[in-house]
Structures are given as C-alpha cells and as structure tokens.
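Presented sequentially are two complexes of chain A, the first with chain B as partner and the second with chain C.
Right after this comes the complex of A and B.
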C-alpha cells in the first residue's frame, strides 16, 4: 500500500523533473513565432539555426576550447592519477585527494570573478587561451576521477610486472601496457571534461573577454534578447549533444570494466 | 631518445619513489595553484583595497568594503539570499526525501536507471532549464495559456519575476544535490533494523519516525549543506526568473564586477560568500568523518 503511494509520488516527481525539457522539445517544433499555442508542426527553427552564422561561429569556438581544455585536463589528470595509484606519497596522501577536488568545492561565481581579477591584474589579455586553461582547471577532478578508478582496478593485475619480466623498463611498461589498458577510462574522462568545458557558462561569462563567444554565452545573449522558438531548437540540440557525450563516456567506462 | 631522458622516464613511472609521485602530481598542482588558489587569494586582498576614481584600485588596506556589505542598502539582499537559499534547501528536502526513500527501498532493479535519470537534468546547462521555465511560467507562457484557455482563470497570472519563480528555479536546479546524499545514507540503513522495528510492534509511521528518519539524518544535513551553500552564489536564476526586487548576492557580485566596476566591494561580497562556503564545507567534512567512523 505504502509502496504504491510512494511509486506514484516518484512518478510525479520524475514528471516534474522532465517537464521543462519536454516542453522545450515539444515547442521547438511549433510553427508560431511568439506564443506557446500549438500552431502545427515545423522543422523551420532548426533550419534557422543552421543559417545563423554567429551561432555556428560560437559552436566552433566552444568546440575548439573544449578540445583544448579536455586534452590539457586529461594529460594533467593522467599523470596525477598514475602517481596517486601506483605510489601514493605517504606524506600528503589525504591532502592530495581533497586538493585535486578543489574545483568542485568552490562556487563558480567565486572562480569567475577571481580569475577575472587575476588575469586583469597580471596583465594577461582575456582570450581563447585563458578560457581554455580555466576550463582545464574546472575539468581536472573529472579526468582524475575517471582514470584513477581504472588504474586502481588494473593495479591488482600485475600486467606491468609481466611486461617488465619480458624485458621492458618502467617507462615502456607504462607506455605499452598500462596506457592502452587505461585508454577507455582516459577517453571517458576526456569526454566528461569536454562536456564540462562545453557547457560552462558562469566562469566563461566573467573571463571570456570581448572577442570570445562560446555557445552558452551566445545562448545567454539570445535569452537576454527575448524568447524565440529558435532558442528551443538550439537548447534541444545542445541537450542531445550532452546526452551523446555522457552516454559515450558511460559506455566506455563500462567496457573498460568488462 | 637520449639515454638519460629514457632513464628519467623509467624512474618517474617506476612507482618506487615517492619523489617521482610528487613530480607527477606537480603539473596538476601547479595548474590548481595558478588558476584557483592565486585568484582566490587575490580576491581576498582586493576586498581590503579601496576604489579610486574611474574604477582604479588603491592598495590601501581598509575594512570599509566589509562594513558596506552590512549597511541598510545591502543587508536586505544578504538577508533575502539567506532566506531564499534556506527555503530552497528545505523545499528540496521535503520534495526529495520521498524520492530518495523510493530509490533506496522500492526502486529494485530500476534503481540505476532512476539514478541516471536524476542526473541528466543536472548535467544539462542551467541556462537551458531556466529558459524552459520562462516558457512555462511567462505571462503568455504555457501555464497561463492552459489556465486561461480552459477557463480556470479570467486573466493570466504574473508568476515570473516573483520570489516564487526564483525559488522554483533554484529548487529545480539543486534537487539532485539533495537527493544523492539522502539516498546514500538511506541506502546504508540495514534492512534488519526496519524489520526488527516491525517485529517489535511498531507501525509503518512509527518505524519511519523512530528508526529510518534518525538514521538518515547525516544525509539530511549533508544534503542541506550541498544545496544551501552552492545556492548562495547563484545569479542566473534570479537574473532570468526574477527581477530587481528578487536579486541575490550573486547578482550583486556580478553587477559590481561587470557593470558598477567596483571590484573591491565585489571582492568583499565574494569573500563573505567564500566564508559561508568554508563553514559549510567544514561541517560537511565533519559529517563525512563521523560517517566513516561509524
């Protein structure tokens, strides 16, 4: 009896959780300019997106920044997690695991205004590169988390030792055995980092400077301008992209475990 | 590759030397120090500086900026932020507890699916969900067109730009932060405890009140901190779903840095926020430690 009411509540709860997304999805096909009354099915808002040069530019900028940031975060994360798994330093072990998670703990607005004052103070112009570096910092905990878990599960396998018995030195064993085995987790972490960078608004908003318009910043300025069905269509595309990235990351992680 | 470099790499990845481990972690540490710690330190220093003419900064230490935060002009904003975030955390708790309870005890084999479904809105951009709330709540939005169209209302309701819409947006965004810690502490409760309570004659309600709820309190506190604290720095929700009368500290900070160009005052506001965050984090760590010890 009780479980029935609870299941009913859970269903209502999930309906609430997905209502905004569904409404947006539904009305992205609505053939009306202003209001949310159904006026027939259309794909035209998606067409409008494709012809919007500013939007495509923002997409390209976001992709470039996300690629750079995820590469940076992956390399930094791989080195750090290798050290943390293979030989956790006795001094500073506990410190490192909370220290490397610090970007998750600081509210993003603090990071945004902090980085803004920092870059301006040291006289570095705000541009594409500063934004990518900041995104790499935001994404670091995600790449470390993903790679670390995989390396921990590899640790018991003694494959690295086997490689060394066969004449490889530590570097070769790392390069030819550990790295390929950890690859799915590295790629999975990189995809998460990519998503973090691609979707980041708050930090980017403060430090993007004048010339750099990323996708979320573009969405923000469109929203400031007013409600249009074009934003519905755009939001749906972004949502689809996020889902694809997350599902791929998850599938890779599962495949690494098998 | 020169022999020396190869030997160095072999040593670095040997897993035998702690020094090598420190070196491998160094790039990541450097990155965090440079892009996270130094900027925050700079903000703290900046909060003690003074504003000169034309947005320049005079490096003469003063507590004036902090005094200003607590003047009648800004106290209402601080109080409003605390009130809205408190309301958000409480509502998240009330709405999220039954869901967490369902996930822990009744979801069965669908549990993982439900947990993933819970996280998807969290991973989507906050802008996107805020935008969909505008479509739903706006004056000629979905809610009003349904209510007026069906004759339930004579004229449309102005829901947008009220405290209600801001808190709704915040609750929606921070719900997963409440449910996940609740779920993880509910899930840890041994089922035998609950059975024992029934065997001893307690009803469902009494069992919940005397057994389940007390045992889930660490999750309740953790969830409260994890929703309340990040909520304090939110500015997007109030910017789009609210108006000037519902602005929060986050909006004030944004305004000081991007419009008013009073960076020292903005930095002081941020420092206050950071303080609240550190206090929250301290209690959260304590909770975690107590959980591990138990």
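Right after this comes the complex of A and C.
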C-alpha cells in the first residue's frame, strides 16, 4: 500500500518537473501560429528557425561569448583553485574560498545592476568583451568548484610531492602530474561555464551594449510580438545542446574520479 | 656511534611546531653509509615529520640537516639526492609502470636507451619486469609498493626514505617484503631511513633503531641493545612488552645494592650492569618471557630467583605461547608472563588461586631515566 502511494508521488513529482518542457517540445511541432490549440503535426517551424538570420546571428553571438567566457573562467578558476589548495594562504583560507562563491549567493539582478554601474563608472563602453567578462565572473564558482575538488583529492595522494621528490620543480610537477590528472575536472568545469554563459539572460539584459544581442535577449524580444512555435523549436534545440554539455561534464567528472 | 668517515646524513637539533604544538623537540642523529636506520614510535611521535624534513617537504623551525657534509637545510626537495617511498605509494595513475619508474630519470635528461636499461634493472630488482606496461590501477597493493620502490631506487640515491611502506599490506606479504627490502638494501649498499610504528618490523630489518616518543628520541641503538637494555619505561614497554616494577634502593653494601621491589620483596643486586649510581626510587623492567608463573605452595625462592605473590587473573591463548596474567598482591598493575605451551601445560589447571611470579634477579633491567617521559 505504502509503495503504491510512493510511486504515485514519484510520478507526480516528475510530471511537475517535466510537463512544461514536454508541452514546449510537442508544440514545436504544432501546425499553427499560436501555442494554444493543437492543429496537426509539422516540421515547418524548424525550417523557419533555420532561415531566421536575426536569430541565427544571436545564436552565433551567444556561442562566441560562451566560448570566451568559459575559457576565461577555466583559466582563472584553475589558478584560483590551485592557489587555494596547493599554496593556501597562511590565514583565512575558509574566508577566501567562501568569498569566491559570492556570484552564487548574490541575486543575479543585483549583479546585473552592479556590473552596469561599475562599467559606466569606470568608463568602459559596454560591448561584446565586457559581456564575456561578466559571464566569466558568473561561471567562476562552477569552474572553481569542479577543479578544487579534484585538486584536493590529488593533494591527499601526495603525487606532487612524489614528483618533486624525484627531481621535478614546482612547475614540472604541475605540468607533468597535476595538470594531466586535473584535466577532466577542468574540462567539466569549462562545459558548465559554457552553459551558464549561454543561458544567461538577466546579466546580459543589463549590460549587453548596443548591437550585442545574445540568444536569450533575442528570444525575449520576439516574445513581445507573441510566441510562435519557432521559439519552441529553438528552445528544443537549446535544450538538446545544454543536455549534451551537462551530460558530458558529468561523465568527465566521473571519469576523473575513477 | 663513531663513524670512520663522516656520516652520510646528520641531523642537528631539529625543532618543529605545527600551530603551536611542538612536534619535534630537538632531534639529533646521524646515519652512516649503507646503514639501515629505523625511526620507531607511536603515531604522532614526530617520526614522520623528521622524515619529511629530511626529504625537504617540511622545513625545521630550528636545527640543520647535512647530507654528505653539505648543509641542505634550505635546499628544496627536488635538488636533494634523497628519494622517498611513500606510505600510499603515490604512483602516477596516468603513467604505466615503466613511465613511473622512468619519471625521475627523464627529468635528468638522460637518453632513452640509458633510461630503458636503468628502469628495467630497477624493475628486475623488485621482480616486476613483466609488468612494465601496466597502469598502477591494475596492480595489487604489494606490486604497487614494489613499483614505488623501483621508482625511488632508479636514480640510485645514496639515501632512501621509507614512510611506513608496508603499512597497507597484509601480514604475510609484509613479512616477505621485510626480508626483501633488507636484501635489496644490503645488495645496493644504499642507506635506508625507515619509519614504522611496528616494533617487530624495526627489530627484523634495522642496523639501528631510534625510538621516538613525543618529539624526542628516547633511545638510539642496535635492536638487540634496545631490547635487552631499554633505558626508559617507554622504550621497555614499546619494544616488546615489559612489566615495569617500581623499586627503592635501600643501601649500598660493597659490590651489591640492597633494593626493595614493589614495597615488599627485598633483595641484593650486583653493582655491575649499570646499577652503579642508582639511588632512591627507581624503575625496573622485566620481560614477560622471563617470568614463570607457578602455584604458590609456600616454597622459598631458589638462589638467584625472586618471587612475587598474587593470584592468577587470566590466561590468553596465543597459539605458540600463553600469556598468563597475575594479579599481584598489593599492586595496581598486573604482572604479565609469557610462557611456552609446554610450560603452561605443566603448570596445569591447579593454579586457580594463589600463584607466584618467578624471575631471575639478573633479568631485572634498571631503567636509567624513569622521569624522562614528562
């Protein structure tokens, strides 16, 4: 009896999680301009999507920014984690590492407003590059989290000490031992950073300069003229992309642990 | 110990604190060429910290480290001609066995042919040549330990440090590896500094043993010397087992000292064997295997023997021997005796009540520094 109720609860729980997504998915094949009534099956919205130059341009911008931001966040994240784990400050290690998580805790809208006034204040024009930097900052806690966990487990195994014992200086030990072993965690962090940047709306909305239109911003502007199934089709593509990235990040993280 | 030439390694007054806790309180010792020295002690006694200072992973707050007469106190680990075998092997998981062993040689920019010869001869030494292509993840614990040893030996360092290298292996394998390690050490003539908390391991392999306790060296000497003439209660108890008896020196008569053991048994001991300057309250060590328990039938001790009266408390079966525990009358600590199976059998079941712990006077070892523990 008990297990029946539990199964029901579990089914309801998953329905709650996935119903909106599945509605979006099915209506991307709806042969109608509106997302309300089902009028038959079609692939035409995927075709419309592929011919929409504005949307594809926004997609390209988003991809470029995401690549840049994830590269930046990975490099900075690796450096920060290495410093925290392998060359920890004498005092206040917990202080330093918890403050690196600030972007996770501060509401994104506050960050957006803050970044906007910051860039205006220091007189840097808002453009493609400032947006990439802002995204890198948003993604940093994720890259640090991924890499730091790996470095901590490596430190426990004394591998870098073993390398130095055999004659490798700090740099050689890092290049020959730590870096290759941390690589899966670095890549997994980079993939997370990529999705963070790619999906970001709030921050981008505040500080995307004139002419920088990312995908989420473009979608938002399209919504003002009513939601056509083209957006559903786009969302499905994005969903697939994000899923692939997240799964590969997870797989890499697993293989790093083994 | 006096060395004919200068010692290979010389530690002078090492002090080290971690967060206000003094871990090393003045460690000085020398290691000779080709010597097998063991640092023995319970966990937290400072033996591993000493090893890490020798390797260069820690820097002493005070004191100096000399290798072949050169001061290497401030030299980083990668410029010291000393290699380490780590407790948990620390093999590089992304390299195979060959590349692990070749790691140090490649850093020295040797040519590949020479590296190949050196790696294979090192693997031959630990009898693992056929596994050169395996990854560490595919090896058993014993095999990983051998690879770690081969890797540390490949560069032919004059001094090898071993940090509880057999700690993770099961008993049978550990015994095998003990003999093998000793054999390899003899064959190569390399000095070994070996850290362990296992006194039997220390006894089996070492030329000399340094017994550590609470950041100090309690005693340094050959295994037999330490076993037979422990200087402190700690050493007596840590190396093998020991009954520590308290005694009082009553008077000195000619070549003899009159002492009273445990406030009851009075006897005379010859002043030789280091009893010369003893006076006042002293501590005596008595090995369990030198104690025989028998039924108390009111018999007088034979000449040269002493008796302590008590009651049989417990016997523990240990396979080839029996541990017999006697609750001595008017004494807090029990007296432990280790008897052979036959001796125990001849003792029989008759001892259920009053019993005697019998031992020879000459088996009592006077502890030189009973208060050093504080």
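Remarks
Quick note on the criterion: the second predicted complex is superposed on the first by the 250 of 258 C-alpha atoms of A that agree within 3 Å, B and C clash if a C-alpha of one lies under 4 Å from a C-alpha of the other, contacts with A are read in each partner's own complex, and residues count from 1 in each chain.
Here is the rule we go by: contacts are C-beta pairs under 8 Å (C-beta built on N, C-alpha and C of every residue); 3 or more make two chains touch, one makes a residue touch a chain.
Since the model is a prediction, treat every value here as computed from it, not as a measurement.
Applying the stated contact rule after C-alpha superposition, one finds that A:169 touches each of chain B and chain C.
In the superposition on chain A, A:62 contacts neither chain B nor chain C. When both complexes are overlaid on chain A, the residue A:206 reaches chain B alone and has no touch with chain C.
One of chain B and chain C touches more residues of chain A, and that partner is B. Of the two partner chains placed by the overlay, neither chain B nor chain C lies in contact with A:146. Shared-chain residue A:181: touches chain C; no touch with chain B. In the superposition on the C-alpha atoms of chain A, the part of chain A touched by chain B in one complex and by chain C in the other spans residues 169, 172-173. Chain A makes touch with chain C in their complex at residues 157-159, 161-169, 172-173, 176-177, 180-181.
Chain C makes touch with chain A in their complex at residues 55-57, 76-79, 82-84, 86, 88, 90-94, 103-104, 107-108, 151-152, 155. The touching residues of chain B, when paired with chain A in their complex, are 6, 9-18, 20-25, 27-29, 31-32, 35-36, 38-40, 42-43, 46, 95, 98-99, 101-103, 105-107, 114, 116-118, 120-121, 123-136, 138, 140-142, 145, 149, 172, 175, 204, 229-230, 232-236, 240, 250, 253-254, 257-258, 263, 266-267, 270, 273-274, 277, 281. Of all the residues in chain A, the ones that touch chain B in their complex are 2-3, 6-7, 9-10, 13-14, 16-21, 23-24, 27, 34-37, 72, 75-77, 79-80, 82-84, 86-92, 96, 99-100, 102-103, 105-111, 113-118, 121, 133-134, 136-137, 140, 144, 169-174, 195, 199, 201-202, 206, 216, 219-220, 223, 227, 231-232, 235, 238-239, 242-243, 246, 250.
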